[in-house]
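Each of the two complexes below includes subunit A, the first together with subunit B, the second together with subunit C.
Now for the complex of A and B:
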């Protein structure tokens, strides 16, 4: 059935005989239900969170309009700034490392003549493991007892998870291990779209390996890089499971999402929880918009140079 | 193709219906049938599913008023959230609510549960005082204890002659151990377990958080500072194992069972695991004792466990009352709990036992103390975790931490 649609000529902008709607109007009519469903599913919760964040609650019951008081409470809470600091540090460091390692893997896999499918499957294993399981596994490995990492590095009883600074390092390490393969896969897909002729002509012009990478690979890989960075950054800003499982948020590893959960489940205050969620949402949205606009631009640039 | 789509839609619809049915608690039309629903956390995840066994026992004797177990999540906070969703909407789905010992005040203040003072006569003489205290709020009884729990000190009988009577003696004994071993491990990771472990020390040093009806703060900054400094120092000098500040119950047990430490604070649950592990150096060389005291005071343990309350929206409160009293006082029910690694609340279960461990736990429970079940307990516990925890880990001055906690506690009664 789908093949018959494709073989038909593309529809034109003209009035069909027999009814008064243009194709555009008809298309809008057909799209309307999906737009409505999207609005209900996506926009309603966001709007509801926004409304909730403006209310004040006592023991889970609404007791009036709070204005921006919940936001003021959140912004003056040292725990919020500690969570912002960790979330920011985690995002920047883990995404940067995942990108570099992922790109290295992607280049390796792209060059592999044989066994590419096999390598790809092996490299993806960490990404397939559920995050909670991976977190628990790394918590065991970094643990002082039984302490696999300590015996591997000969560190006796170094307290990775129980000291400020190093706790953050362990969480970032686990995340890099887990999601660098994902970045690698996205970048590999991008690499495979670059035509081999470009490298050939670059070589004929006398470009060395680094110049080919710098002037052919990187510019043409830009859209894939942007998509990989977007996915990873948005994911990292929302991080919850790894620090929750590995450190429980101790030693400066409490993320924004963990703080949101605290105000929803542990010390319930829907107003504060919603204000925090809204701030987190705004951050994620900001990052998303930034990347999407960059992707759009790179698509246009890519198109015009071709 | 159309047929296939219809088939998929029908499957999806029925799957959703099943899903919805699974989400809806089962006691909807309980008023006419006399059925009751017992919503309690961790029901099926416990070994032997004690709650299901108890329900079966009740249903055999009371076929006209059967009870159904609604198994809530094992995590206390998640289970409370499930109950809150129903109770906040005034739902009558749950008749009997399994309450963690620290929830009583919050449920009373929210008008979610009914007062049970008329049941006191049947319970006071038969049930342990600590669990009864955790079921009370502002002078009245609001729940009936089901099972309890208490912290105890495990020690290696092959390494030390007798259980240390106070913490100083414990650290003294720890310093005489072989260099490859640490002294003590407990629950020092940043979570509710840390609050419990620290409170036990603070109580043992003679400290209190509130007066009896939780209307006044009795928090003593000097005592709190002293206790916190002791833990910070013990962590530094190796009396407490290096993994103390990331250990929860399971990590503690592993460290003790694999012979890394000579002393451990834990619940009685792991005892059988250690006793049965023939490869462990602690096998046949383990005894339990009351927690060490502090500064000449006897050790005070914290109480855990569940109490059964009756929903204010239940349409079957009389049956529910019979059920909760029966669960607290029936020897067979209490025996089921004892067999499932939780402790009975019935005093006679300890007196009549020929198991020396149970007899000893009965003694510890006589002085054990519940955490105050104030409505803001989770806030207080988090504050302890964000002041005292950094202080014992050398990231905050113990006195500054105690002062900050004192100020927070004052704020909880001013409301």
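Now for the complex of A and C:
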């Protein structure tokens, strides 16, 4: 590719504005808009929430410095711990299931001799369906009326969405359905970078299928696994759409994100809402940092000078 | 690809049969719930809609007629406008930033990339309190601007990630030879590199559009009602109410769901390669 370009006659270049820009100046010019926009829609909100969370309010009016009192209020609120419990349970269970099912799908697709393109297209369907649609769909399928899943399982009038514990199961089921294929795509991309010769030589050394999986596939798939787990875990910790649409947060399915939004709309105290959203932000960031430190600098250094 | 016909000639072994059988499981997983959705949306009348038997008719297009009578076309218009603007804005400035981060001498490059990563971990709900106050002050509640400006907070990091991977894969010699031919840094980018990165730009555009089209949390906070102004599709689908209050109208909701999902599925099938390339950009490195 590069050699054919080189041997071509020089392209005729009209003078564009900014012709004389140096690389450094161009870099600044190119980065500035993104930095400005991110400052406006990410940095400003974080700072604003931090400041708000340290103030005390009476009827939505600032009336002084609250120190950490708002945080103490949030941390002693049973609703916060209930949301933590649901969010934690949801995250651990759904990410684990998505990972196992996604890996199984990826291995199947990687070995497929036929219909690879077809399968890859089909596997995008759950990903592309809006989460709200997926939530409504699964809520109706689990609902007593029309009772589709109950009739599939031979249950009579089991109230999935209306009982503590099982309501959580329905939300997790909908999430696993929607995102296991996404995990499969990320893992499949990783599988396809593993050279076939490695499997050949492992086979020659007498390694069975399980040993090849355990000693060739898993170690080499580690970077892709970490990336898939990072994306999925961070997404799961900030879950909002599915429980909001399916159960409205009833029967112990209120997530942290739902609680934050509740507070903003209902509570007359912006300080407490801001403290809650800052805690949520710190939690999500903490989970992210944990993964990124595991992946190492490789992701950040992405398109580096190599 | 030519192996398809080659393997057909051979007798298929038991292992291959088992394998194809398992692939059917993948197909069913992905498609069966959607088949349920379509069949339910076509059922007419309460008796059929409340029957767990999927093939219990009568069938017809009544639910679709009802949905379109409820201003759903306006919701589609709003979603299209907001998602398009979010895509245009974040792709146009994100592509430049990604190129600078991948190729140009940038001071504090690692710090900036870390910032992008941190921003992509950002929980959208943390935007709700501050932006709700700010939008109220600026009069941006119930407007397209209020939504797509907020969407840039998560679509811009996405674009920068995807595009810096694509730019990094383009050989450096191309810029160098363009510069030897007298091109400036800007010309090398605009005339040589950008045309080669078009597939990446398409990937970034689709992913941004789909994410914005499906967004619910911010849309339901900043524009909760009024399809004629700015209410988007997911908000409408989440809040449809039937003739009887507290009874969710299964017919209308499923019909509306099919209406918004069909274009997205067609998009996914047509642009499958570009979407997978975008989704997995970054995932295979490391």
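The working rule: the second predicted complex is superposed on the first by the 254 of 306 C-alpha atoms of A that agree within 3 Å, B and C clash if a C-alpha of one lies under 4 Å from a C-alpha of the other, contacts with A are read in each partner's own complex, and residues count from 1 in each chain.
Quick note on the criterion: contacts are C-beta pairs under 8 Å (C-beta built on N, C-alpha and C of every residue); 3 or more make two chains touch, one makes a residue touch a chain.
What you see is a predicted model; the values in this text were computed from it and never measured.
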- Just subunit B (first), just subunit C (second), both, or neither: which does A:179 touch? neither
- Using the superposition on chain A described above, determine whether A:250 touches subunit B (first), subunit C (second), both, or neither. first
- Message: So in the superposed three-chain picture, is A:159 touching just subunit B, just subunit C, both, or none of them (first/second/both/neither)?
- Response: first
- Item | Partner contacting more residues of subunit A (subunit B vs subunit C) | C
- Item | First (subunit B), second (subunit C), both or neither touched by A:145 | both
- Counting only touches as set out at the top, which of subunit B and subunit C does A:240 meet: first, second, both, neither? second
- Query: Regarding the shared-chain residue A:262, is it in contact with subunit B (first), subunit C (second), both, or neither?
  - Reply: first
- With the two complexes superposed on chain A, say which partner A:170 touches: subunit B (first), subunit C (second), both, or neither. neither
- Identify the partner contact of A:60: answer first if only subunit B is touched, second if only subunit C is, both if each is, neither if none is. first
- Task: Considering only touches as defined above, state whether A:119 meets subunit B (first), subunit C (second), both or neither.
- Result: second
- Task: Check subunit A for residues that touch subunit B in one structure and subunit C in the other, and list them.
- Result: 1, 145-146, 264-265
- Which residues, counting only subunit A, touch subunit C once they are in their complex? 1-2, 5-6, 10-11, 13, 16, 18-24, 26-27, 29-31, 33-35, 37-38, 40-42, 44-46, 48-49, 52, 105, 108-109, 111-115, 117, 119-133, 135-138, 140-141, 145-148, 150-151, 177, 180-182, 185-186, 189-190, 192-193, 223-224, 226-228, 234, 237-238, 240-241, 244-245, 256-257, 260-261, 264-265, 270, 273-274, 277-278, 280-281, 284-285, 287-288, 292, 295-304
- Query: How about subunit B: which of its residues touch subunit A in the complex?
  - Reply: 1, 77-78, 81, 84, 88, 106, 109-110, 189-191, 241-246, 251, 254-255, 258, 260, 375-376, 378-379, 382, 386, 389, 393, 395
- Give every residue of subunit C touching subunit A within the complex, in rising order. 3-4, 7, 16, 19-20, 22-23, 26-27, 29-31, 33-34, 36-37, 40, 49-54, 93-94, 96-106, 110, 112-115, 117-119, 121-134, 149-150, 152-153, 156-157, 160-161, 164-165, 167-168, 171, 173-174, 177-178, 181-187, 189-192, 210, 213-214, 216-217, 221, 233-235, 237-238, 248, 250, 253-254, 257, 260-261, 264-265, 267-269, 272, 275-276, 279-280, 282-286
- For subunit A, which residues count as touching subunit B in their complex? 1, 59-61, 79, 143-146, 157, 159, 161-162, 164, 247-251, 262, 264-268
